[in-house]
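Same chain, two partners: chain A is paired with chain B first, then with chain C.
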Partner chain A sequence: MAAELTGDGRGGLRRRAGLRLWLAGGWLALMALVAVFAPWLAPKDPLAQDLFLGRLPPFWQEGAEPGYWLGTDSLGRDVLSRLMHGARIALLVALVAGTLTGLIGSALGLLAGYYRGWTDTVISRAIDIWMAFPPVLFSILLVAVIGPGLTAIIVAIVVIDWTRFARVVRAEAMAQGAMDYVTSARAAGRTRAGTLLAEILPNVLPTIVVLLTLEMGIAVIVEAILKFVNLSVSTDAPTWGGMIAEGRTSIHQAWWVLVFPLVALFLMVLSFSQLGEGLKDRFDPVLR
Partner chain B sequence: MSYLVIRDLSARLKGDGTRLLRGVSLTVAAGEVRGLVGESGAGKSMIGRAVLGILPRAVELTGGEIRLGGTDLLALPQAERRRRVGAACALIPQDPMTALNPVRRIGPQITDPLVDILGWDRARAERRAREVLAETRLPDPDRVMRAYPHELSGGQRQRCLIAAAFVAEPKLIVADEPTTALDVTVQKQILRLIAEMQARHGTALLFVTHDLGVVSKVCQSLTVLYAGRVIEDTTVRAFFRAPAHPYSAALLAATPRYTDPEGSLTPVPEAVLAAVRAEVAAADAGVAGAEAARHG
Partner chain C sequence: MKLLRAILLRLATTAVTLAGVAVIVFVVIRVVPGNPIAMMLPPGATDEDIARLTAHYGLDRPIPQQFLIWVGGVLRGDFGTSITNRQPVLDLVLGRLPATLELSLLALVIAVLLGGAAALTGTRLGGTRTEAAIDVANGVALSVPDFLWGLVLVLVFGVLFPIFNISGRVTPSLDLPFVTEFYLFESLLRLRFDLLADLLSHMILPALALAIPLAAIVAQLLKQSLKETMHLDYVTLARTRGYGETRVITREALPNAILPTLTLVGVQFTFLIGGTVIIERLFSYEGLGNMAIDAVINRDLPLIQGIVILFAALFTAVNLTVDLTYAALNPRLRHGG
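Entry: the complex of A and B
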């Protein structure tokens, strides 16, 4: 495009990154609003059953009932209201589990990558051992031990996924630690901890942010999977994973019970990863 | 009284015990510029790094002393040593492309030592940084302070690093091949700038290089190293008139000259290399013998 043919060839890239950031961020903000205000926004009680109104189709199809915009499931519960309430648990798990995983994993990765020596040996061996466990079985085992519930899910995600951060952040910290500006900072009298925080962390931060958003997406999926295998939150609280599990049984009679939570899940995970990519470009002083 | 005194400094690789420095002694007086020359791997950078306390992890010092203004640095506890070196010494690094933190603005990177080590308040440190940047003749110091490293050229970045080295008025600066990574045309300007600022501030300068042409322009005294051993310690004037050691003479003869590009590219003759290697081995044997005698 003629408008983009400026001296700086990075103009076009910047604009695209901006659009992506706004779309993803906007969708997540909307989801957050819905989650927070679900009790007031939801048109129906998400748990109220009405067997006479079972398997109503969404509003544009023949036989839809006014008020039930996205139809009902086999027990006559409103799909839209259940989706809105499900967003609360999805976002809660994403934020809490993602942040905790990121904090713990990044801290260990930074320590291992910059301090090296025995610190690195201990942390790296722990990562190796951890990654030898099959993650799905490990999480099912953890939830079985701790007992089902939201806390168990969050603990399971943190305990399993910290290695994801630790590995990548360690490699990045190691690469940055070998740069001359770190040597210069040390020569100028900075302590090791000071160098780690002031020189290395800012360079590793974009990576951490991208991983963090990916991890939030993963947390949403893990929660849905654990719910799907029936190890999550108590069965009456509506979650997307639970809705998918229930919708699967009536896919031929009522596709909407399965498809709407799937779409919600997909959009949220996609938004998280796109938000990460967009933020990374924002952080990069070369692209800014 | 010399400001920096290195006496009998030895270092080796931790793993296989390869000797990197073999009893190096040298001095730099206040306001003096001493060149440190030798082939790759002769240990010239290692000496500068030992002084600043930034040796690579795999290298350990095995003996000797480094005195800075009369205090033996190696006898000090780690934290005290870093504080002292940070306040009194600075480094001009080799590669300006990697020596600045890419995600931080130039200003804070120059004021860091003032604020963090000397405890100045930020406004005063920034005023000082602007002064030093102006001294390096970078146009528009205010804009430079706000810039990120990628917005500046290699020469501009090296000027920023020189400003950062001089900002805290150090007594000693270690310049580790500060012009090697630059274009030839920029090299000359940077050399002149370092010499000029060194003279104005009266800083002692340990100038690590493999370029004898650079030495003749900037330095007053000179230490020639081979395999971590001092081969010759002399004044620049005496060296260029008549090098005392056959190896230094061969090194000088190997310096490229623009007037005779074909003839001047002579490598150091094998016989000279064999002689200098034998000398190093003999010295090693002497040290080992003395140690055996002491223990036996």
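Entry: the complex of A and C
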């Protein structure tokens, strides 16, 4: 209300940020529902093959078969059902990998930024080394080493992406640590660890939440890339990355096998990132 | 003197970083379960054959000893022999590097041009619907990574409107007169525009996929610093002299707004190079990244090591160049102020 009264243009900016938050959050909530209820929502078994029903087009095209709304892939598996089940894996990786990366990266960033000294030296040097790795190649390498399966993908994401949190959180913790309120908390008799948890962490938390949202989008992409490169697959598991890899090979015969998972991935990544950007604006005191 | 000491310190940390990368890769790929030699030999190979070849590649020794042997070789310019191709790793890697460099540089040029054009248009048409549209497009371009843009481009320009090639670096049936691996540069130097067109038709989509996210970053930052510059007194002065708005932006504001953008472009360029790995795979482009993925799939340990080290060296070299250029361009740093 106040923003509209001052009429300095920030009201409009805030409303746009609000809309963005609702759209992105709404889409992700819908995807979460689809993921949770996929076994009941999906019209077909995502693994069931029927070679007589291979490469059926989506429902509005000629030759479509009723019940296969978005068509089938070359093995006759229902694209819509596989998409719904794929959402489960995508969101699972996003949540687990994102949270673990955030916890580990933020913890290391807080330690480096607040305690300084040799802790900072070791962690900062590690960050430098990590930044010199080509991330996609490193993740492919890690998955090859750890072996197939979702765990390998999650471990690869955590091992590679902790620096995203550590770098930013370290800088923020350093800035906060130099402020008066921290000095007075220490003077009032708080221990260092107590100050870190009770004074600094709450002030860094908004940044961590924004980074976490962005990281979930990145995790979804990394999962898709690793499935696309085909290093970690049981080929039947319905994942968006696997579907995209299959669709890329039959792109001239059946475009829909590639298009639908691509759109799903695109919207999910866009939503995570818009959610993050929207939250960033929300937390920004200038806009507030 | 101050600058010289800073440079030496920077070189020392770079060396430490590269050594760290080497150690980590070395250890990580040797924890791989399964013997790469056993995978390589035909099914009928005896245990004796496997043991002999394992010893030949030095894979039977303890890891620290293997590392020392490898470092000794690297210092003499010997990166070992590829297990799958039986060729020196250095030759293989340097043979592919030009393809990746050309792709990355083309992407960089596209990103700067696209991003620069978006920023200038957005500033010139500030407050209009066009500016709002550019901002929205920018937001989407920024949020979606190169891998997805690559797939979108494959669909749109490979299938829907098949005007560009979506696979390979050059049409295989063409007779290539090149003596180096820098096909794009050489075709320009030799004025072979037929070959240039064929190369560009293969490279434009992967380059564009790599360029779109970077273009968005360039546009965002350049527009922001243009906006700040536009409020400065000297720009207002130029305006009161009666120069047109377009001229004020391009001649007066742009030169001052461009430095922070250039620094950022340098840093982001390393991310772009890292992105070539998956983009080259997606477009079957015969570069370093594509070879890297094959090396991982084939468990070709010496080749993986060589490629990762080369990528790391490339990244640190780009960062070093950016820092030095920035120091040279920024008078406050140069005079040790």
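Criterion: the second predicted complex is superposed on the first by the 266 of 288 C-alpha atoms of A that agree within 3 Å, B and C clash if a C-alpha of one lies under 4 Å from a C-alpha of the other, contacts with A are read in each partner's own complex, and residues count from 1 in each chain.
We take it that a contact is a pair of C-beta atoms (placed from the backbone, for glycine too) under 8 Å apart; a residue touches a chain by one contact, two chains touch by 3 or more.
Here the structure is a predicted model, which means the values were calculated and not measured.
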Joint occupancy of chain A by chain B and chain C, clash or fit: fit
Partner chain(s) touched by A:D180 [first = chain B, second = chain C, both, neither]: first
Touched partner set for A:L41, first chain B, second chain C, both or neither: neither
Winner by number of chain A residues touched, once chain B and chain C are compared: C
Touched partner set for A:L75, first chain B, second chain C, both or neither: neither
Partner chain in contact with A:N203 - chain B first, chain C second, else both or neither: first
Where the C-alpha centre of chain A sits as vertex, the angle toward chain B and chain C in the overlay (nearest 10 degrees): 90
Touching partner for A:L265 - first (chain B), second (chain C), both, neither: second
Superposition-derived minimum Cα distance between chain C and chain B (Å): 18
Residues of chain A at both interfaces, chain B in one complex, chain C in the other: none
Partner chain A, residues of chain B touching it in the complex: 52-54, 57, 79, 82-83, 85-87, 89-91, 93-95, 98-104, 109, 112-113, 116-117, 148, 150, 161, 164, 174
Chain C-facing residues of chain A, complex: 125-126, 128-129, 131-138, 140-142, 144-145, 147, 217-218, 221, 224-225, 228-229, 231, 244, 248, 251-252, 255, 258-259, 262, 265-266, 269-270, 273-274, 277
Contacting residues of chain A [partner chain B, same complex]: 116-117, 179-181, 183-191, 194, 198-199, 202-203, 205, 283, 285-286
Residues on chain C engaged by chain A in the complex (per definition of touch): 13, 16-18, 20-21, 24-25, 28-29, 31-33, 139-140, 142-145, 147-148, 151-152, 154-155, 158-159, 273-275, 277-278, 281-282, 289, 292-293, 296-297, 299, 304, 307-308, 311-312, 315-316
